[in-house]
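Please find one structure pasted underneath; my questions will follow.
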Amino acid sequence: MTVTLHCLADVCLIPIGTAHSSVSNEVTLITQLARKSHLHTVLHSAGTTIEGPWNEVCNLIGEMHELIHANGVVRIQSDIRIGTRTDKSQLPQDKINIVEKKLKDLEK
Amino acid sequence: MTVTLHCLADVCLIPIGTAHSSVSNEVTLITQLARKSHLHTVLHSAGTTIEGPWNEVCNLIGEMHELIHANGVVRIQSDIRIGTRTDKSQLPQDKINIVEKKLKDLEK
Amino acid sequence: MTVTLHCLADVCLIPIGTAHSSVSNEVTLITQLARKSHLHTVLHSAGTTIEGPWNEVCNLIGEMHELIHANGVVRIQSDIRIGTRTDKSQLPQDKINIVEKKLKDLEK
Amino acid sequence: MTVTLHCLADVCLIPIGTAHSSVSNEVTLITQLARKSHLHTVLHSAGTTIEGPWNEVCNLIGEMHELIHANGVVRIQSDIRIGTRTDKSQLPQDKINIVEKKLKDLEK
């Protein structure tokens, strides 16, 4: 049965065998795809964070691979960090805010 | 549309907040799940390698999360390395065999 | 010989066996350590990006492990994405800016 | 101060911009380097597992990057899973053996 558990994923996609060391064309294409999707996504310097149901998040990352293959890249490797929790829901920015607040409390 | 691209994934699943430093109970449960699936899987010391269509591989990893949550773990983080290629198909063991052969050739 | 190659690393550290599902105390401690170091670091929701010579970056991540162990956590697992390039130097924010610029060009 | 904490690392190194989709030449070179080192290393289909003091393990991975750059690859990205624990020492094969034993116990 399809897994629809809520998750936070962070993906770093790497095209292989592209003959040029820049990956910004590929990151641009997958960022455009991410922003067109209905899922909440955030681009940072080491990857893209995606939030939503497990099956939809994984499918979006799969569509990123399909899109880059369609642009002529024959091999792609992604690193995905993916977390699920059943005790509460948390937005990506919440995680940063909690840490920044605790850092301020430490400085008092 | 569902992504069915063939992929090789390697997953390292970590239960969080379990009160004990051992993760072997959780790895045992997900290994049992992996071996019951129809996908080809290999356990190694740093993770589990899974081969098959993108959607089925991602769904199996999602089922691992569901199973561990059902066993009382409220938070789980996985690291997934996932690769796709359109130029040829390759089994996990093929990749090792090629390297071992090239190492022997270097020694000649 | 010690490797001093310039690198960009992104680390996601996970304490194991802590009896609570929150990791914000641990992330607060390592973020404080990161900001006290002379290396350039950026906190995001899925990890911390660190820039500098290979040996210093890896040592800082090792010090994060030591600090969390010193706070009573007996087991820690980190996922590190680390990149090096010899053709040019690039700041984390540069990578984002290039992609955002290319996205704007696509929309024209 | 240099971190010498014992660790188990698992590294997957990816050359970028190589003009060919195969990475076996690069994996062969780093495997040869790993086997020449005094650290215990194991090659599997999704990476190389390395065991030893934190600074030596990280330095060996840095030497892998240096070696691949010296072979003409201008950009390299690695994914490293690295774990430390202060409660006991464990070999890579130990982790597999425990899980296989628990699987047999479950089947009884």
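Order as written gives the chain letters A, B, C and D; numbering starts at 1 within each chain.
The rule is short, and it goes like this: a contact is a pair of C-beta atoms (placed from the backbone, for glycine too) under 8 Å apart; a residue touches a chain by one contact, two chains touch by 3 or more.
For clarity, every value in this text was computed on a predicted model and none was experimentally measured.
Comparing chain pairs B-C and C-D by the number of C-beta pairs in contact, the larger count belongs to C-D. The interface of A-C is repeated, with over half of its contact pairs matching by residue number, by B-D among B-D, A-D or A-B. For the pair chain C and chain D, the distance between mean C-alpha positions equals 19 Å. Averaged C-alpha coordinates give centres for chain B and chain C that are 24 Å from one another. Across the assembly, chain D contributes residues 12, 21, 74-75, 77, 79, 81, 85, 87 that each touch 2 or more other chains.
The residues of chain A lying in touch with chain D in their complex are 12, 14-23, 74-75, 77, 79.
Looking at the complex, you find that chain D touches chain C at residues 2-3, 5, 7, 54-55, 58-59, 61-63, 65-66, 69, 74-87.
Interface residues of chain C facing chain A in the complex, by the touch rule stated above, are 8, 10, 12, 21, 24-25, 27-28, 31-32, 42-47, 49, 79, 81, 85, 87, 92-93, 95-96, 98-100, 102-103, 106.
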